[in-house]
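This structure is in structure tokens; I'll ask about it shortly.
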Amino acid sequence: QNRSIKVGALRFTSHSASFIALERGYFADAGLNVELEFFQAAQPMAVAIASGDVDYAVTAISGGLISLADKGAIKVIGGALKEEAGIDGQQILASDAAFQAGLTDPAMLDGKTFAVTQSGSSFHYMGSQIAMAEGIDLTFKPLQKVGAIIGAMRSGQVDAWSIVPHIAKPLAGSGAVHIIGTIQEYIPNYQITTAFTSANNASDERSQTEDFLTAFSKGIDDYNSTMIDMAGGDAGVDEMVDLIHKYVYTDRPRDKAAPSIINGTMRLSPKAALDVSSVQNQLSWFQSEGLVDESITLDTLVDSSYVEQIGA
Amino acid sequence: MSDISAVSPGLRPVTYRGGGFVPSPRRWVGFMVFVLLILLAEWGTRTGWISQLTLPKPSDVLVTFQSLYDSGLLFKHLGPSLGRLFMGALIGVSAGVSVGVLIGLFTYIRSGMVPLVAAIFPIPKIALLPLFVIWFGIGEGSKYALIAFGTFTPTVVATYGAVDNVDRTLIRMGQSFGLTWFSIVRKIVLPGAMPGILSGLRISLAIAIILLVAAEMLGAEYGIGAYILEAGSLYDLDRLFAGVVILSVLGVLVSASIGLVENRLLKWRV
Amino acid sequence: MNSVCHFYGATEVLRDISVEIPNGRIVCLVGPSGCGKSTILRFLGGLELPTKGEIMQLGDPPEGSLNPLTYVFQDFALLPWRTVRGNISLVLEDHNIRGEKAEAIIDDVLERTKLLDFKNALPKQLSGGMKQRVAIARALAVKPAVMLMDEPLSALDSQTRELLMEDLVSLWTRQPFTAVYVTHNLAEAVRLGHKVVVLSRRPGQVRDIVEIETPLAERKTGHAEMEKVQDKLWDLMRDEARAADEELVNV
Amino acid sequence: MSDISAVSPGLRPVTYRGGGFVPSPRRWVGFMVFVLLILLAEWGTRTGWISQLTLPKPSDVLVTFQSLYDSGLLFKHLGPSLGRLFMGALIGVSAGVSVGVLIGLFTYIRSGMVPLVAAIFPIPKIALLPLFVIWFGIGEGSKYALIAFGTFTPTVVATYGAVDNVDRTLIRMGQSFGLTWFSIVRKIVLPGAMPGILSGLRISLAIAIILLVAAEMLGAEYGIGAYILEAGSLYDLDRLFAGVVILSVLGVLVSASIGLVENRLLKWRV
Amino acid sequence: MNSVCHFYGATEVLRDISVEIPNGRIVCLVGPSGCGKSTILRFLGGLELPTKGEIMQLGDPPEGSLNPLTYVFQDFALLPWRTVRGNISLVLEDHNIRGEKAEAIIDDVLERTKLLDFKNALPKQLSGGMKQRVAIARALAVKPAVMLMDEPLSALDSQTRELLMEDLVSLWTRQPFTAVYVTHNLAEAVRLGHKVVVLSRRPGQVRDIVEIETPLAERKTGHAEMEKVQDKLWDLMRDEARAADEELVNV
């Protein structure tokens, strides 16, 4: 019963469900002997799933992920991070220079530059959705690394960007950038990250995959109830922060890490349910931009047999 | 006196034991190796023996290349890249040669700069990407700066090595004829260091090409590096390899043109 | 051992050359630069094959000779990373002579060349004359039937050259060896050769063969007969030398 | 006879016109330059003359370094990085030296490999990152492979250059004494090529350090490269510079130890 | 011009050396390797300063002399990237002699050294003897008061050396120049020197000064008196040379 699997993760709060499931023994309960593999970026993690070096992971939907699915290497099996009305989600930022020059609302972004890591990244998607909704033109600047984008924002070399709250809030707090809107307004029910695995695991290792999702869902439930619904009160939050701090911001002292961890709180899809309408929307956008092949269908990307398919 | 050999007893030819240790290149072999490797890759990917995750089909890469050319995108990407390569390398190489010559000539500059250059050399340029954004912006400036920075250190090292190797007797000769310091530098030191500087240039320019990708991480829309990065992030192996082949060809061309310059400029060499 | 060598070199460099090298004698080859002296020596040593013609050795090499045809090079060709000892043991190792047996041979040849004190010195610590003596010691170590010397003294300054010539003469006097000695220097040829072969400018042809009967030990600078031979050789060569010197080198 | 100089008319000393052109390094100057630069940076950041976006306060970097050391994380990061550096460089260098020697000795290998190496050299390793994951996995394998790949080409080039430069008269000497082919390679070619190989190693190992950052992009938890990448992605300049300083020191140390090896191994050099 | 030179070199290399160089004569310096001959010449040329003592030149350099103290180096020191013409014009350019005036000087010195045909050749195309003649032509171009020659012939083979010595003698005979000629080779010293200064081994001291009265043009190999002088010099030097040769070199 004790199957050894590898789960890929980034050191972000959005991966907390995996950390919780491991720390609280949910994986072990499901008969899974889990080893976490940490990555510096999402893209190599996706490739590692394709090559079979890692079994399960969570990441945003990107052009690379869709391409790998198209090559028959990976499948999306469930949802994770999700935008939800009422909870602080991803923020739209303006650089101080642009803000002072009057950029105080996303509607005024016409002709401005918008920072993305790479074309075909989730930042690119969010930016285009804003542009489409507002009927404006945005210039996208690919800067590869989040650090480079922060540098460019602070020095006013790009005008706007969108990013998760735990990075957005401290930046805005320092006065170097300003929050001018939220992504929720433009992309409701945005399924930001998804759980995925290799096509092999999805088709041939059904029970293992189901077990993974079960344990993963328990992690999600704990996280949501403690951090969002405050079921355990502040003591519960403290305990959870302690747990997450083992994996995130490890080289900062606890008291400095805690605000960042709490700031980063966003709803994870309960039961790892997947919002397929959002996924379809993203897929169509990638296709319309010519970043991935026209012929890819939702079925190529998603294995719908594991979790609830919202909006199908 | 071949008759002696017929007559004398015990007469036998001296055994040959020389030869070897002088490999002479044969052009067609190199060509054949490329063709063979490509055919092997084609065969492997076609039969599925090499998975399509591992390597793209060479014929697909060719098709991609063809469409890149037909759509005119090739030159849209190549243009900015060549510009960056040229400007970046120009800045880096000229700064490198100047500093290298100064290091080669002056005790204090040498003492101050050599350890500095040694400390700068192993710093990975990609680690400093966020800083380049602040220092030089996200326009062409930072791209030039990154390539210049990368070519600077190897050029300095090659140049001061070359200056050190200039035959001191030639310099003493210049002094013994009462040539001015400036004359000696211009007419003896610089031409004498030229072979070393040019061969250093081979390495510097290869590094410049390598850094093109890093440079175009910084907000480049067009450029071979940007093209490769996008292909990589989309895991589009056909385009990735098309881009890599372009860089590779670029590298071989640059090296060949340095060879030409060497042949022209250094025909005085023995 | 009698080693008789003929060869008919072809194309440009050497034309129809036949020389006989008698046992226990020193044959000197002189000629202007580029006339093919080194090439002849390479043929003799089996390092290169003549386009036409053949080189023959007569009889079997004497017993115990590890390397019948042994070179002494102009630029010494010592391995700079080995000591004097190591440079000599190099040529013994491949014949499976190691340990004490090798040590005995090394000590013997170093003694004959008066180098015993410098056994553990590196080549860079030696002067040019000593380096060449190490090279000669190394050649002696393999008990050669014929020594092939390609301008062995021309990299040395004239005083050292003088000293080393005296050493060679005393070495030969004690135990005569067969040698082919290539040189530019007529004084050397006259001092060391029993037979001097004068080659003409490229394509090299035998211009003259001069036999010198005076015993080696009796020859000295200022020896009248020697001077006469030397002047005769110089007259033979002067115009060739001038012409060879004026030629543009094609690199 | 200095009295002559007092007596004879028109007697004057010969004017001195030699000297110069032989810079001799002075250690303390290099040291001073570092201290000066650091003090300047400290002063600039303290007074706000250099914005804190541009450069971190050197004292803050020191504090970061201190806490890195105190928390024991320094060695947690340094350990895996050194291991990768060592293994990757070992594989790349030994493969490079072997191939380089073969190229130096055999006509056909030379003809086949030289153009191949020339074509591989300008390929940026970071462009191939996604492929390294497929080819070598995400474990230590891909990190070793990336560093090995990066050190391989410069080592090959340096090695075959060094073999080409081995004095052919030494080889002919070996042949003239009837040494076997293998003896000649082992006792003459390899030691003779050693100086060139070692100086090539300087460049290869600097490149290995540079590639550490790229290698640790591939699923590394700990490692100086991973540390730098994380600091970069958070735009945490203190930590970024702390990491860069570590790499820089590492580079200087590696170069110094090659110097030591050279002194030991090549003491026969003039 | 009379140039009187004294210097008291210190530390190891040279000890208390005084030499006088008379006008229009050739002074030869001989001595074993490393005794400081080149160092003395560097002092004379002002390329180095003696630790103690001084070098004086008497009188003003003759008019038209661009570079009163001019070197001829052992290894020619020609710029390989300039043609014969360019190598000579190099030393004129800094005196602002260009165009026709320079051309005239160049043609004149090339004619005197019989090199006119090779004006546009690169050094790599020339043989050693021709290279040294270019170096001599270059030295002549600046109309030196004193030529300082540091083993100018020792990089050449013996035949070329012989030829070049004849050239030097005829050059001097046509128009006497003052020269300090450093050499290892006693034959050269005896052939070219009006005065031969023999130095001892390190630390270099003047061991003997031999004046030779025979006119240069009459000296020849085999000339009995010359042989006697040479043998005398050789006797003076032999032991020093042997000792110098046996010294381990400290690098």
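Each chain gets a letter, A, B, C, D and E, in the order it is written, and its residues are counted from 1.
Going forward, a residue touches a chain if its C-beta (ideal position, glycine included) is under 8 Å from a C-beta of that chain, and two chains touch if they have at least 3 such contacts.
Keep in mind that what you see is a predicted model, and the values were worked out from it rather than measured.
Chemist: Between chain C and chain E, which partner chains are common?
Modeler: Touching chain C as well as chain E, we find B, D.
Chemist: Tell me which chains count as touching both chain D and chain E.
Modeler: Joint contacts, listed by label: B, C.
Chemist: Could you work out which chain's C-alpha centre is the most distant one from the centre of chain C?
Modeler: The most remote chain is A.
Chemist: So, what's the distance in Å between the C-alpha centres of chain C and chain A?
Modeler: One centre to the other, that is 83 Å.
Chemist: Determine the centre-to-centre distance between chain B and chain C, using the mean Cα coordinates as centres, and give it in whole Å.
Modeler: 46
Chemist: Counting in whole Å, what is the centre-to-centre distance of chain B and chain E, each centre being its mean C-alpha position?
Modeler: So the centroids are 46 Å from each other.
Chemist: Send over the residues of chain E in touch with two or more other chains.
Modeler: Chain E, residues with two or more chain partners: 45, 47, 69, 124, 251.
Chemist: Scan chain B for residues touching two or more other chains and write them down.
Modeler: Residue numbers touching two or more other chains: 17-18, 53, 129-131, 134, 172, 175-176, 178, 229, 232, 235, 270.
Chemist: Two-or-more-chain contact residues of chain A, please, as numbers and ranges.
Modeler: Each of 43, 47, 50-51, 64, 145, 147-148, 150-151, 154-155 in chain A touches at least two other chains.
Chemist: Tell me, which pairs of chains are in touch?
Modeler: Here the touching pairs of chains are A-B, A-D, B-C, B-D, B-E, C-D, C-E, D-E.
Chemist: For chain C, which residues are in contact with chain B within the complex?
Modeler: Residue positions touching the partner: 4-6, 8, 18, 20, 42-49, 54-60, 69, 251.
Chemist: Write out the stretch or stretches of chain D touching chain B in their complex.
Modeler: Chain D reaches chain B through residues 17-18, 20-34, 37, 53-54, 103-116, 118-131, 134-135, 154, 168, 171-172, 175-176, 178, 181, 184, 189, 203, 206, 209-214, 225, 228-229, 232, 235, 237, 240, 243-244, 247-252, 254-255.
Chemist: Quick check: in the complex, which residue numbers of chain B touch chain C?
Modeler: Chain B reaches chain C through residues 1-2, 4-5, 8, 10-19, 270.
Chemist: Show which residues of chain C lie in contact with chain D when the two form their complex.
Modeler: On the chain C side, the touching residues are 45, 47, 66-67, 69-71, 73, 75, 77, 79-82, 90-91, 93-94, 122-124, 138, 142, 148.
Chemist: Chain D touches which residues of chain A in the complex?
Modeler: 8, 11, 37-41, 43-45, 47-48, 50-51, 53-54, 64, 145-148, 150-151, 154-155, 251
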